[in-house]
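There are two complexes below, and they share chain A, which is joined by chain B in the first and by chain C in the second.
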Partner chain A sequence: MSILAVVERCLEVQFSEVFRILKNPVDEKYLISPFLIVPLMYVSMVMPGVLNFQRELAEHAGYNAYISVVLVGISIHLILWMIYKILRSNQEGLDVTAINKTCFGKIAGNIINFAIVLYFCFGAYIKFRAYIEVIQVWVFPSVEMIIICTLLVLLLYYTVSGGFRSVTGLSFFGLLISIIHVIPEFSLVLPYTHPLNLMPLFNHSITDILLSSKSMIYQYMGLEALLLYYPFIKSPAKSQKWAHLTVFFLTLMYLMIIIITFMYFSEGQLREILWPTLYMLKILEGPVLQRVEYLAISMWLIKMVANISLFLWAACRGMKNVFQIKPRASLIAFLVGFLILEYFLKDPNIFRWIEFYSDVGLYFIYGYIPIMFVVTQIRKNWNKG
Partner chain B sequence: MKTEFKNLDQLLKLAGQSSDFKTTTILLGKQKVNIFYYSTLIDAKWMQQHLILVVQNRSLDSEIKEIEDIKDWIPINDIEITDELTNIQSKLLKGYALVQLNENDQKCALVNLADNHGLRQNNDTENEFSVVGPKVGFVEDLDTNIGLLRTQINIPNLIIKEIIVGTTSKTKVAIIYIDGVTNKQHIQTFEQRLVDIDHDVVFDSSLLDQMMSDNSLTPFPLFVSTERRDRVVYSLINGQVAVISDGSPYFVTGPSTLFDFFISPEDYYLPWILGSFFRLIRIFGVIFSLFATSMYVAITTFHYEVIPKDLLSPLIFSRKNVPFTPFFEVLFLEITIEFLREAGARLPTKIGQTLGIVGGIVIGQAAVEAALTSNILLIVVALSALASFTTPIYKMSNAIRFLRFPIIILSAIFGGIGLFMGVCFLFIHLIRLKSLGSPYFVPIFPLRTMDLKDSFIRPSFQFLYKRPQYLRPNSLFRYLPKPVKQKNDLDEE
Partner chain C sequence: MYRRKIFLVIILCAVLSACADQKIVNKIVLVSAISFDTVSNGIKSAALIANFKEQGKTELQVLHTESISNNGTLPRLNTRTKDPLEKGQLRMVLFGKTLAEKGTGTKIHNLLRDPKISSRLQLGVADGDASELLEIIQKSQEPFFLSDMIEQNMINGNLPSMNLHEFLFNYYGEGRDMFLPYFKIDHGEVIIDGLALFRSDQKITEISMKDAFLLKMLIQNSKNGNYMVPVEGKASNKQVEDFILLRSMHSKANYIVNKVNQIPSISIRLKLETELQEVPDWMVLRSEEQLTQLEKTMGSYFKTEIEKFLSLLKENKVDPVGLGDLVRSRSKEWSAQDFEKIYQEIETTVSVQVKIVNTGSS
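Take a look at the complex of A and B:
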């Protein structure tokens, strides 16, 4: 074969690559209706953090931390708006990996894409580890976790291998289950609260409140998964209002939890408690059940599996877009990696890992997304001009 | 399995090896007319009256020259003149008699003398019983069944397509749908899947059910199979497709959803409030029977904190002499109940009932007295067994009875986490399942709010005028909603 033919062949591959990206690659039958973005976003954002975020939040701003919740909520609305702008800047139906490639070229774009894949994979692992931690602390302090991990991994494999549709379905049930039990639980705690704990309403500096906000961002991380599953939404433009509604609802929920927690515990008490949300549930008692937190943690499993599998799915999808690796192969690789890490990594301090992930997420959400926003907007205007 | 024949003689020679293959020779003047038939498949009296006697009488004043003449002679409609060996072979085996004018003639007449003896003409709905409503069930004969259907769907739009399935049994399988209602895609999928089946004998429609199903790795039945006429008619008018094989009293209808299995036709015969209530009871029964015993195992093994103190003392009291772990206790009782169920299903009805009562009461009582189980658990297990039988479709109730065991095992190992792992597996499995290419868990996921109204409750007929949307029917309206007859506003006329 002459060199010319080789060059020609390369060019051909390049062109077919371009065409593959340009046309909407997702088959109609895999699409989900725009409404289903609600469970997806809810599930991707709510994590075990909701069981203990109050303590860290109150560390700087004390009982004024509810302001941080509102501030972060507003900023997340802005970020969400930017995400939609980024995704819509190009053709409809392109995810962020394709946009990276068109904006930064093939090599630089793929490096960024690979970083994104790593981020999602790491996020999935962190969540997996965090939930195992919760189980270990609350349910089975003495049991070897490797069996539970294996079963969880199987469960994750079964979910993700069903494709985006089954991930969405599980998220839907995760949302249903958490709505069914979260709202009654917190309303039942209400009689035991002391509203005066909240006073004074404003006695911390702006700096303190902003410092508190930083820890709150972790509770919204996961929304960036939208960057990858966007092409799977049928008429994506319609989903924007649902997305904003979810963020609004979630902010409201966090606000409710934080205010109830502050009214329930005194500030000194809160500092000593590792899992404030679960401690509050301890007080509830029904005719057939008491200590519902044991069952609540178990119920959380469904939402956690949905959450982790969404992140895993995003990572696999990214791998497919970047390296053309079959999603199933990368899924198996990721899950085996989880098990190996679980077996060999006897690091009891999961909080340090979460902190690291949290920092990365912070840069991702407040660094990468605004930059991408600016780049795509400039590109768009430049193309128009 | 297939044997190629070179000529008719060879075929007749092979068939003659069986004792029920008979040859009758009639002498018409000089002519020797041979009639070949399987005596077990034909109606002998009918042959005597309408074939032999008629031919003999007729031959007194006229002569038969060609085989085609026989059509004018015999007062039977279904006569075919052919020399195709495969056709002759299959027709002979369906109860046709072969009339050969002269020996060594290749062209012969096939006369339909098939007999339907041994088949029931009607049937009570014994396995899907309902207190209110018709008790018409299907029988083992395809034509009778279709006739039964036609009495209730009295329009020419009811289309029946026949396909032959089974290399050995050559069973007629009918695909039934209402033209203009059912989505063409469902019909095509059904047809394609039936054509693709490669199997020797089709014993029952349930076999087709399994061979057509989208996923064989599931305990759930993916198509409703029913012997009730009203249920088949209801699914047909809703835009589903029904399939039945000859020789089976069970129709298979699809595409089905999980909720179809918890609907009883009786819901529609009772006032909607009662119908809805009973349907909810049924759904609650399923959830209860799936999770009650595994909850018991999870809570008594791991999460005793969850039990309130008032309930704790009776529980401890009932369990204090039991030497086993809750898991063994539960397994012992559950397997006892499974034995009783299986024995009851295999034994003749009368013995089965007695055995059920004696076995249930005696074994249960003795097990508690011998301190093998606690009596609280006995109550829970008995209740959940009872609850699992509220499901109207037998196949579904079997699936639910089976599914309890993995969940019990999971909750014995991991307590509440295990229980919810089971739930999670169940959810994902249901989400991934498809019946005839359309999702099985509809209208919950994907959420179809319009179809939700006839799932958990049975709404008033005022709201039932639309067909389910997930079936994508060609016409959406079943009937026009009736206008409100009377509207009274606080004493005003």
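Take a look at the complex of A and C:
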């Protein structure tokens, strides 16, 4: 630790009694390089939703919905910029739970923190369930899902208990795998596309396009996990450009998928199909594999486990900060909860849950984050004054 | 240490769970084609199944069943086989003529819903009884005869590109109609006799292979399609009319929508590059002039044929070309119902430019 840092630490103690309690420095050996935020952000945002977001997106704005993708992409850049502002409003190295406590006091702050923990835990469950649903319909229609759930839960426990760095490692492979297969697969579909489908370029009202945008936001949810893993990034300021790059790349990827989907399916046909992305792969035929979609679903496992474990990790980290509960204990509690829900809840309608989750996420991203942004900026200026 | 144990548990679970729901190739029966026909009191369906014997050897068999309902063919057929039936390798679904005329909607919808069905599956309509076709295929001992025949004709013949995905695209898409290959039995062999044109899910009419080439030219590159153009000349006194057989090397259709409102008007410009394959013996193709003259005659012949073809489509109110979709893409507001009403009145002007790129070695 440099002398400067020591001085800074001493000054902090003098300035504020609160900071001393809150300061939760993360050991150097748990930190990750700034550019590793790319796989983390990519994996946290791309979810099973990428397999079926096209249909809902086209519900209101029809085949003009590609405009919605661009609009939401731009707004997410803004939100990301706000997140960085929030996290940097105090000294470096605090996550959102600490900021909540400084802004709203201990009790109110912890209530908000607990809500955030629940949000991440629910998010992890939703994704878990959605992936299980895909496996059930496409790969193993007759296998007891509880077996596959148990396997997944064990794998999740193994990853999350390895700590943040092992989650990052898995995310890196998740990114690699989806990049390897997404782009070639979509380019192979190109011969079957009808560009005429995209015309006319603009024949829906602004309201329709905004309504479609609402369903697109779900595809970017997960970005808020940054609020919790921010202190784990070495020299966090440097990571901002990587984060924006990831969002930009992701928007391009969604745009590519949506345009190819719209050219591949006629509008009436898209309305009939539950998982358009997987459905498109049904046309491909490999030299050994006659059907590619099974391979794609299996490869998705790595990405999905990375995604779910990042959310679980965030929830456990939140629990630790709020109630000082050991992460391992809360992790086991969450995972057992998953299994119990899976066993007792025989609700096949995952889409209603996703709708609820995406509504909550909408308020989190477009409500909570801007409010926090305003609060922290006012506080910062107040303190300066 | 305990982490290693967990890893072991995961691996063991993976190994154990792999035992669930296995499907070994000689313990299942692969269905390669299914046919549906109407009978007086319901639906008659037949399945062409392949019993896998050993590497490279399969034995084909046709199973029949009858029912009053539209669905549930496979479970009923399962009561007739030793091993379970699997539809993952299904490549061909055939409809009998009367069933196709009555409507195939439920069948098509179920094909869309089933994740096991490949998008490369082929559909077809049989002239008469579809199960008879399967009986003939059974003798050939080639399980994928029909679907291979269609694919072969797509690449080397007059059939436009088609598979389940494209059928569904046309079927569910607004402003376009579905078309399926049309099969006939000729001297005990199955032949592709043209295309069956549908309105929604009902077969309306059928066109010949010659017209199929025109349709192919209108919707895509007609590469490798064949066409016979009659020529008048010295031989007009003969009994048999003289023809030029040409093979398309490349073609492209350009659509220009001149007017959208009220009654749309569309001009279609076709460019066709051909190779002359067979010409009458008296025809001399030495000079540039003769070739240009021939190009012009063929161009005007194609023009009249395509106009005839388009008026046939309008008469039957079917739209396999997707003119409705074309108008939709150029207009701000468009509805399928309104377009259907004016479809017969839309103006289409055709111009064809033929270019002979190869005259053979004479």
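As a convention for this text, the second predicted complex is superposed on the first by the 361 of 385 C-alpha atoms of A that agree within 3 Å, B and C clash if a C-alpha of one lies under 4 Å from a C-alpha of the other, contacts with A are read in each partner's own complex, and residues count from 1 in each chain.
Following the convention adopted for this analysis, a residue touches a chain if its C-beta (ideal position, glycine included) is under 8 Å from a C-beta of that chain, and two chains touch if they have at least 3 such contacts.
From a predicted model like this one, the values you see are computed outputs, not experimental measurements.
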item: Which of chain B and chain C A:352 touches, first, second, both or neither; value: neither
item: Chain B versus chain C as contact partner of A:267, first or second or both or neither; value: second
item: Touching partner for A:326 - first (chain B), second (chain C), both, neither; value: neither
item: Contacts of A:159 with chain B and chain C, given as first, second, both or neither; value: first
item: First (chain B), second (chain C), both or neither touched by A:292; value: first
item: Which of chain B and chain C A:238 touches, first, second, both or neither; value: neither
item: Which superposed partner A:106 touches (first chain B, second chain C, both, neither); value: neither
item: Partner chain in contact with A:151 - chain B first, chain C second, else both or neither; value: both
item: Shared chain A surface residues [contacts with chain B and with chain C]; value: 140, 147-148, 151, 155, 158, 162, 285, 290-291
item: Touching residues on chain B, where the partner in the complex is chain A; value: 302-303, 305-308, 311, 410, 413-417, 419-421, 423-425, 427-429, 431-432, 441, 445-447
item: Contact set on chain A toward chain B in their complex; value: 32-33, 35-36, 135, 139-140, 147-148, 151-152, 155, 158-159, 162, 165-166, 168-170, 172-173, 285-292, 294-295, 297-299, 301-302, 305
item: Partner chain A, residues of chain C touching it in the complex; value: 3, 6-7, 9-10, 13-14, 17, 20-21, 109, 112, 115, 118-120, 163, 165-166, 168-174, 176, 322, 325-326, 329-333
item: Footprint of chain C on chain A - complex, ascending; value: 137-138, 140, 142-144, 147-148, 150-151, 154-155, 157-158, 161-162, 192, 194, 196-197, 199-200, 203, 265-269, 271-273, 278-279, 282-283, 285, 290-291, 293
